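Across the two complexes that follow, chain A remains constant while its partner is chain B and subsequently chain C.
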Partner chain A sequence: MISRGSLPRWLTSEHPLPWLFPVTSLLVVFGLYPVLYSLWLSFYKRNPATRKEKFLPSWNWNKLISDDRVWDAVEITLTYVVIALVLQLVLGMLIALLLDTDRKGFGVMRALMTLPLVVPPAVTGMMFLLMYDSSFGVISNSLYALNLLSPSAPILGTSSTALWGVIVADVWQWTPFMVLIMLAGLRALPREPFEAASIDGASGIQSFFYLTLPMMSKIIALAILIRGIDLFRIFDYVKVMTDSGPGTATETLTAYAGTVYFKTANFPYASTVALATLIVVLVVSSVFIKVFKIKF
Partner chain B sequence: MASVKISNLQKRYGNIEVLHELDLDVADGRFIVLLGPSGCGKSTLLRMIAGLESVTSGDILFDGKRMNDVHAKDRNIAMVFQNYALYAHMSVRKNMAFSMRLNKTDKKTIDEKVNWASSILGLDEYLDRLPKELSGGQRQRVAMGRAIVRDPEVFLFDEPLSNLDAKLRVQMRTEIKDLHQRLNTTTVYVTHDQIEAMTMADEVVIMRDGYIEQSGTPMEIYDHPNNLFVAQFIGSPSMNILECEVAGQGASSVAVCKGVTLPLPLERSFSTGSKIHYGIRPEHLQISKKSAMHDSAGDQSSLSATVRVVEPTGPEIHVYASLAGQDICAITRERLELQPGEEILLRPDISHVHLFDGETSNAL
Partner chain C sequence: MNSSRLKTILRYLVSIIIIGIFVFPIAWFALTSVKPISAVFNKDRVVVFDFEPTFDNYRVTILGGKKSDNNANSSLGMGTSGEGAYDGRGSILSSLIIAVSSTFLATSLSLLAAYALSRLSFRGSQGYMHWVLSQRFLPPIAIIVPLVFIFRDLGLRDTHLGIIIAHTLINIPIALLLLKSFFDDVPVEVDQAAMIDGATRFQCFYLVVLPMIKGGVAATAVLCFIFSWTEFLLSLFLTNSIRTVPVKITTFVTSTGSEWGYISALGTAAIIPGFIFILLVQNHLVRGLTMGAIKD
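After this line comes the complex of A and B, so read on.
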């Protein structure tokens, strides 16, 4: 047995270093290194003909700024994030409110609610692809029957509806996550202020807006942050369902980075677009954290 | 203000009956205290009056109007909760104004009422603070402020002082009583603290296991407990109870407890051999030091006991002693120098003896 005295202090459990080492090393290898490598790559100009790379630090970044497809992708990404987030938030809260009860059977309902979360996103994409199919898809056929859509304009094949089609799949899969967070928040709220409010004359809806929402504000903000960041990285649904199409109608930033990487093999520029996504996420989430005074 | 009438009120949770056909009348403007140990159903009863718990059977009437199916928000009551139940994200001002904002009272009236309440409760300088920036006593006052601005028919208090320290509790007790005297609103107050009940109530209702054991003015209950439970529950230190058997006949009958003979009131008659609980409050036992004089006099009405613990409280001294193997407490205002192990004489004041049936525990 090694006595404690024989080890230098920074290697003993009294020092933070041994505790931090495993997770720090994982973060360095799988988080920091790829980011730094991407950054390094983005400083090179790649010649597609010769496949040679040349150190030109501003080349890709200038290209990024003048690339209309990037700006379109930023717009599509933001639209996607905002719509999906609002839908998931509202639906998540409504479902959580319905499930926030001790009545018999609701425990099972709460458990069943989480089922969509275990389906891999690519499978969800495939599933919705089938349901949107204009000849036998249940969703498409229902919408045709209700005269809300025409078979001549398939959901994923029409630029005005394709993004909505992808968003629905995302909402189906990720609303349960919001429900879980909201339920945890709702179940932890103290009961007495609500009783006091009902004695003060508040109706259920007034209690929700005057008490539940303000008391849940930190949890809601955190849920928005977690889901928001995740939504910015949207790739699988787009790849499986529309492959950025029709045209570039559903091309998000990550999808564009993927296209640049796999279709043109311009690795430095693909890295630059990917880094641009990271920058957008960092800026948006920092502003959000600042505005909503979120503390970790 | 309203009178509150409870008749045949029953509450069940599944198969468990927690309140058993209770009847209670609270006259308009009265301050009544529901007192009892934990789990006796007093808070449940209060919450039923508030409309926070449903009624299984029976009626709750405010001024003769049936309230069973009226929602809490429409009962025009105000309630102060044990843990204050303040709205944590609202300032003191907004907490107090909340009910008026809901019923769309104009801003001028809201300001007037909030200022009136805050001046009564000494909260003027805290109006713009959040509850978390206040001390326990201040929070409790905000909860009371929130209740009084409503000008309710009935005030309900659910153990409002139990989270406060002893000194603050005494202070708030006086404030609540003072407030009731000023506003004269019908009040139902729940507590497990008998001192609170005794000091504040016009009428005390003692509950146990979902039944009302006795109700009456504090002094009625103290002086004439209906049964053994009430006798022991009210009073601190609680009444001494000795299990005895009646010996002798007529005027010469005495109670015998493990060889110790205790005097019985002359005007009462008891059947020989009957079992009784002999109750005497600590302040009705006169303590004297055992001296040679006493010994020789052979005083029949005095009981010899051995001091176990002496607790000086300032105004009086509590003496815990052992009498024929039973613990007994006596209180004296004399400055007696007593030591543990010392022999003392206790003389019960015969006019204040409480006797209870050995089997039913009811007062004889």
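After this line comes the complex of A and C, so read on.
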């Protein structure tokens, strides 16, 4: 007790400092410092022949703007994000509506629905690789039987279908996330407006579009934010399933940054591409949080 | 038969089919893991279940049995050679050490910070929350290049401690926001009463409020465990010899072919811990996945 009295206030538990210090120091050293380090790296031009680096702040950023592969990667990333997000959102809502009942057996079904969420994404990639295999894959063979796919054009080996192959794996894994969030939203809805609407003769579809959707707009916005950003950061499925191929048909921004890092060892440029991804994510997410007034 | 009865039957039918679709890839993977290799690769037998179940794949990957004892497999001669190449025991142990340690660190450090953010009003607390949130949205690829350098300089590259720190880092934002939402559920009057009785802030946190949110802390820990257990990108870049389970599985895919028996055995085993855990926290799952934004 004597010693406590003599401590300065910022060292006591009345002050936020001791509480925040451990987390803050970890985040600064291993989170913030690497980002600043990346930024600093991006200001250096690497000479591949001599492996020397020269301070030239605009070099990598100009290269980024004029790099066709970056713009291709942006297009592929956006295609991936939009298609997967729409599919997950719509499927998630439909399945949630279907499972939102207290009838016998639906509790078990809701629990089974969470199963894909615990599969490591790298393992998900493997599962789908196995099912897509052009000779013995169960999905491929089913599609051959239905004449929807030809054995000469394997799903992941063909430019026009490879991205879809990856999207299907993502949709399988993360639609359950949407289902859970939508279910929570549906369960929280008040009953009275729906009773009133049905007395007034509104159909189920009408009350869905005029009551359910507007009342769930906040939750839907939140789901879009979290899932959208995770989709934008996509790396595991692409790395495991196609390794950006065939050619660069599935090369997303993060995959391109990984390729520059691994294959050319051009660390300054790899940092620049990765930072570009970060900037896009932060700008989009802060605007989104402001517009939809999301509170964490 | 009246139409409401028909609707109920239809609802059951459609729900069961949809759940079936979502469970199928896991079931198929698990089935592959007990198939003899001849049944995996024979396309005419893909969907025919006329095989003797075998546990050879598990014996090699999780019990450390010798690959050469598997008569059925040795004739194919594919994949990487070497007796220990498919022994997943070291990976499972590494993954466990990393997941448990990073879960403990992330949860305990975040508890302190979350309490302060929930209870001690101070200038900049909102900004601090936003900064933490931005860490959640940070694409890991954006910090990986400098992180590799920093880890090399600190001697953390390819060490358990290194990945523990990396996973703690990605879990802190989730744990912090989630725990803050649980603290926010406890009325401030509880703290005030304890402090009138002479408790210090820390005693109030540790002896009074913490026991009240035990369930929330457990749910947070489970989610942290699952995120660490399934994480791929950081483990891939930050290690060479220590292999977490998801990274290890991807090494079973080689240029000469994929060892689907071993991949599916270790992959199936990797799903089990997460599935058991997630069933324990069903009540807080939605809150956890949305970092506390949706309370359940």
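One rule holds in what follows: the second predicted complex is superposed on the first by the 282 of 296 C-alpha atoms of A that agree within 3 Å, B and C clash if a C-alpha of one lies under 4 Å from a C-alpha of the other, contacts with A are read in each partner's own complex, and residues count from 1 in each chain.
Heads up, the rule we're going with is that contacts are C-beta pairs under 8 Å (C-beta built on N, C-alpha and C of every residue); 3 or more make two chains touch, one makes a residue touch a chain.
Everything quoted here is computed from the prediction, not taken from an experiment.
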item	value
Clash or fit, chain B versus chain C on superposed chain A	fit
Which of chain B and chain C A:Thr248 touches, first, second, both or neither	neither
First, second, both or neither for A:Thr114, with chain B first and chain C second	second
Chain B versus chain C as contact partner of A:Pro22, first or second or both or neither	second
Chain B versus chain C as contact partner of A:Thr158, first or second or both or neither	neither
Partner chain in contact with A:Ala202 - chain B first, chain C second, else both or neither	first
Which partner, chain B or chain C, touches more chain A residues	C
Which superposed partner A:Pro176 touches (first chain B, second chain C, both, neither)	second
Contacts of A:Phe128 with chain B and chain C, given as first, second, both or neither	second
Nearest Cα pair across chain B and chain C, whole Å	11
Partner chain A, residues of chain B touching it in the complex	50-52, 71-75, 77-79, 81, 83-89, 98-99, 102-103, 146, 150
Chain C to chain A touching residues, read off their complex	8, 11-12, 14-16, 18-19, 22-23, 25-26, 28-29, 32, 40-43, 46-47, 109-110, 112-113, 115-117, 120, 122, 125, 128-129, 131-135, 137-147, 149-150, 165-166, 168-169, 172, 176-177, 181, 200-202, 205, 226, 229-233, 236, 245-247, 249-250, 253, 258, 260, 263-264, 267, 270-271, 274-275, 277-279, 282, 285-286, 289-294, 296
Residues on chain A engaged by chain B in the complex (per definition of touch)	190, 192-193, 195-203, 206, 210-211, 214-215, 217
Interface residues, chain A side, partner chain C - complex	4, 12-16, 18-20, 22-24, 26-27, 30-31, 33-35, 37-38, 41, 95, 98-99, 101, 103, 105-106, 109, 111-131, 135-138, 141, 172, 175-177, 180-181, 183-185, 219, 222-223, 226, 229, 232-233, 235-236, 239-240, 254, 257-258, 261, 267, 270-271, 274-275, 277-278, 281-282, 285, 294-296
